[in-house]
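The following block contains the structure, expressed as structure tokens.
For reference, chains read A, B, C, D and E in written order, and residue numbers begin at 1 within each chain.
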């Protein structure tokens, strides 16, 4: 069988480091590790930069399916492009394995039978960090929220988790997106007296918030920071000195076991940095897809999707898990803490595991999701 | 040419020959020839668009595209840039005066760098133009037209340049101020300045100049010494289309 | 009367005064139509539609800049808002494509009227900045407002049946609808620039105080061309949301305002064909450079730099100078 | 103790101070932009990229050569300014006689190239840069904790801004600059080397951007996109202050920082547009800008 | 015809025009002269509403026009020229004149109609162009005309509006003697049945053309009367003409 994989993501913009070229490499490594050729599966991988513009993403996806014979699109960070690609995929009845986007809408209101959402979503991030931090005594919260859909979703989801676990949200402040100076908002957070300052933002915004919190001595003064969406790359750019003690939730960390380390070593040799959870998700998604192709024996999309949802997922990076009917991949998530500079032994030795959050706890139950076709039968 | 045989050019301070000039694509000067001796006041007369201003600009190096020869004190300047020409001791008072609005009168006055030690002192200048002293703190372009003209002349006197190019210093000025400027030019001539004057108002020109060159369509077509002006007045009127 | 007069006359050959559309421009319009009809059979129809939308957008912008002499740095506001409203109308109100597009376009016209009436009071770089300021506010509104869906945008916008009759799902069919809109729009813009109104506009651009002294209320003309330009920008944006089944923040962001300036200048400001060619180049670049990955912005940047340094009248502007004909 | 709209005065004081700090960045950046626009008539769209380069050069000096913050504060603007001079000599200088649209387009393209190249080599996640040891820690002012580094930012920018202002408004060199802005040819005809002056001015303006970049490196994420959106805000500051007014750019920079700071307290969502709202209002009422002179 | 009383303009504390009373009689050529900076151009700008007076009223044909806009003033038939020549550079001579006619006829907002329509004005426009001696330049771009011809074109454009009154700001400035004579004759010719107010430094032109002269100095009226009266006034000689003038 011949299959064609399209990695569509941000290769030049703000998400280029955590997805970008690295996701293409991850997909290729999955093909090699699966040894597709010897199993009679001919795999071709193409990639493109959607520049974070939904019209470009939609156009490329269309052309890929319609003219270039692409069978599956992988990655697609940012919500607006992911949702657009999900639509196009459904229209052409192909497969979309998302790893980069955070919006839980992909498996809720805007779910499609052809969409599989691999790595994380806002709900799982909220569940991970929100629950663990509240349980550990951080029962009063103040949010610094990026003023757009993603930020508000993260705040909403986390608030629900905090309150469900007996915590209280004292307030929140919406900051412009993107922002550069957060000191003003941090002072407001400080004035609120909350024990935990939840950072419901992403990327450079989160990095800047943390950097400035350190500068203003907010952590020394006794408040705790909780990064709701942080990637290893962000922590690296902060440095252990600034970020130490920070708690965050991730679906993958390179230094968890021998298998992840072995993979990461190979990956780092090509890209110069260990894989982010998004890139790991592309690897795992590709691997699982190829297994389904092998099992089905053709590239018939509906059959493959059905097979993917039927088979358990099992790969070196995410371990065991499964795919729910709504397309949500259920796997363990991890609460991590940034090491102090003394503990850290290398440039990328940045995190230590605090606890494991089981997939069932981490992701929102399907019944609450509102995905119509999944609930229909 | 008439001028050459009459006076010779050996002792000329400025010698222009075969000067051609362009604005972009349009060819405006078609071989201008004339010369000026040390201590002379010479005028360029001609109709609108004859090329007087352009000639002045070309001498000063302000015309992007020019060809021919302009010798200043025996040295060829045709390929030099304006700032190098200026440093050879020549200064311009442009047609549109060029007073800087973001500078005060005093700053305007002090703007051109001193090129030689023997320029007029500030005191001397204020003596010559009392109006400027009175208004030296105000913004340059808030001066009246006549005062701006005085300022434009005054600021090049300070530099020590003894060779001045004055382009229509009387345009748009009240008669009373025209007379004052006439007196100033005569005074400068007494002090040994060399001046090339462009004028529409040839009655004014006659009152200060030694010789007159007539410019027509980018060429010098005639030279009339001031003492022969009366004898040639018909000819001049014909040139100027009066 | 005098020698000078004769030379001027001799030096400048009298140009023949033409009335109406010159022959070569008629040919251009016919060829353009032929190319556009053939286009979807040569490239991907959705991509071809995108080119059309941006071509119309750039032509609308060119109407303001090239013919009105007004540089707006906030044209994304009309393009983007029209696209949102059209998407909303089609998705939530279930309007047919032509009505949805009309609704979007009307929104842009009203927005243009409001912003324009404030902005035209200022000139030059200040005008540009006021339009930018208002566009930033529109962006802020789009980011905040409920109906725009924040950064998700409005997704899964349906393409209903045209006039409630003709199914438009097929991209090739829809292409010809979009072609009709765009080509009509471009022709209309051409007509505006060559109308009595266009003539007055030209005079205002040349010498505003003089136009005032002749008794023209110049601000009314400026406002009118501003609104017209905003309307056509809106038409383009609304159509685009039907093409892609989505409306998103990209279309209201200031970089979109920048892109339309680039398209127009790259193609040739003040020419008929320039904006169309410019739009085609930029859109193609974005789409096909997508495969070059990380180098997209660098290559884009290089093209702009080279364009400015070597072809500053734009591609069509250079051609037009070589052929000595307005294109 | 009285409260203003539910905000305690301590918080308000703290916010004012923070606004002032942000205003420092606006002031230094808009000053550079105003100097360049004033003299070259070019809207320097690369300004944001050059600000970013300032921060990156500081990082490179530290990581490749082991040169710390203090020397970087001088070296980085010099290096970036020198690069600016090369750009000016090779490209920008060809555009002076044209509409400023073209300058804008060229510098926009240059910004794309510079940012793209940095993204390719350094990624977008950002790089760490620590606060220099001498400035770590902070002062408890009673109403807020003021990090020493922020205090230094204010001091440094005030010195640089007013130094620049003095040089341009009060010295002979400044008079040349202002005159050359109006009529470069005539200034050249007075024997002054205008092209060199313009080149150096561009270098200086770019250097100011880089200086702001170095100041920003320890507190903002050092990444290739850090200056991308900034240019618009900074340009708005220049317009509000009055194009070509040096003092206008400085005072408006500080002032708008404070206004923005207050907006962050009373209407945080609006803090991204407040500058544009102010700009629109100012241009309606006083089109020449707050400090601009009508000519 | 045109009357201003108590006209005053202050620029940031500087009084450029101070309490000027001016009456221009119908059918006359009225000249406004005075030293540089006396406020002549400012006065002009006030009368045509290119500037808003600080104080004072302006009436035209008995009607108070102090609060009208510049464009409306022109619509009343009070049209001005500029100190620097003002033509539409990129338009041909014919088109320049047509612009004025379009305004008079009122189809200038029609953006949906073809410009072919404008051909209907050609004959009449040609008439105006020929009347100022530019018949040979009908299809030249205005930018290509020499300075004197631009001024002539400006006058043709103005005439096409069929104004009752013209205000001319230094029509002879920077003009060579040959052109001065030509334009003088033109002004004389068009003054038939019209009222003209002009600013001019060229005293011989003023002497030849004007019926009445107002002299401004330092923003105030210094003297008024016909040329002989004014030119003999010692204040005027002192402030403007100068002793050496013949």
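Rule of thumb we're sticking to: a contact is a pair of C-beta atoms (placed from the backbone, for glycine too) under 8 Å apart; a residue touches a chain by one contact, two chains touch by 3 or more.
Predicted model only: the values in this text are computed from it and were never measured.
A.B. asks: Among all other chains, pick the one whose mean CA position is farthest from the mean CA position of chain C.
C.D. replies: Max centre-to-centre separation from chain C belongs to B.
A.B. asks: Consider the two chain pairs A-D and B-E; indicate the one with the greater count of contacting C-beta pairs.
C.D. replies: Result: the pair with more contacts is A-D.
A.B. asks: Taking each chain's centre as the mean of its C-alpha atoms, give the chain farthest from chain E.
C.D. replies: The most remote chain is A.
A.B. asks: Can you check how far apart chain A and chain E are, centre to centre, with Cα atoms defining each centre and the answer in Å?
C.D. replies: Roughly 74 Å, centre to centre.
A.B. asks: Could you state the distance in Å from the CA-based centre of chain B to that of chain C?
C.D. replies: 51
A.B. asks: Let me have the rounded angstrom distance from the C-alpha centre of chain D over to the C-alpha centre of chain E, please.
C.D. replies: So the centre of chain D lies 48 Å away from the centre of chain E.
A.B. asks: Distance-wise, how many Å sit between the C-alpha centres of chain A and chain B, to the nearest whole number?
C.D. replies: Each chain reduced to its C-alpha mean, chain A and chain B end up 76 Å apart.
A.B. asks: Going through chain B residue by residue, note those that touch at least 2 other chains and give them in order.
C.D. replies: 47-49, 241
A.B. asks: Could you say which residues in chain D touch two or more other chains, in rising order?
C.D. replies: In chain D, the residues touching two or more other chains are 116, 119, 269, 272.
A.B. asks: Which residues belonging to chain C are in contact with no fewer than two other chains?
C.D. replies: 1-2, 4, 144, 294-297
A.B. asks: So in the complex, the part of chain C that touches chain E is made up of which residues?
C.D. replies: My answer: residues 1-2, 4-5, 8-9, 12, 14-17, 19-20, 188, 191-192, 194-200, 202-203, 206-207, 209-218, 220-221, 224, 228.
A.B. asks: So in the complex, the part of chain D that touches chain C is made up of which residues?
C.D. replies: 43, 91, 94-95, 98, 100-102, 105-106, 108-117, 119-120, 232, 235-236, 239, 243, 269-270, 272-273, 276-277, 279-280, 283-284, 287
A.B. asks: Would you tell me which residues of chain D are touching chain B in their complex?
C.D. replies: Listed in rising order, the residues of chain D that touch chain B are 172, 175-176, 178-179, 181-183, 185-194, 244, 295.
A.B. asks: Which residues of chain D touch chain A in their complex?
C.D. replies: Of all residues in chain D, those touching chain A are 8, 11, 14-15, 18-19, 21-22, 116, 119, 123-128, 130-131, 137-138, 144-145, 147, 149-150, 218-223, 225-226, 229-230, 261, 264-265, 268-269, 271-272.
A.B. asks: Show me the residue ranges of chain C that touch chain D in the complex, using the header's touch definition.
C.D. replies: 71, 118, 121-122, 125-126, 129-130, 132-134, 136-137, 140, 144, 254, 258, 261-262, 265, 294-298, 300-305, 307-309, 312
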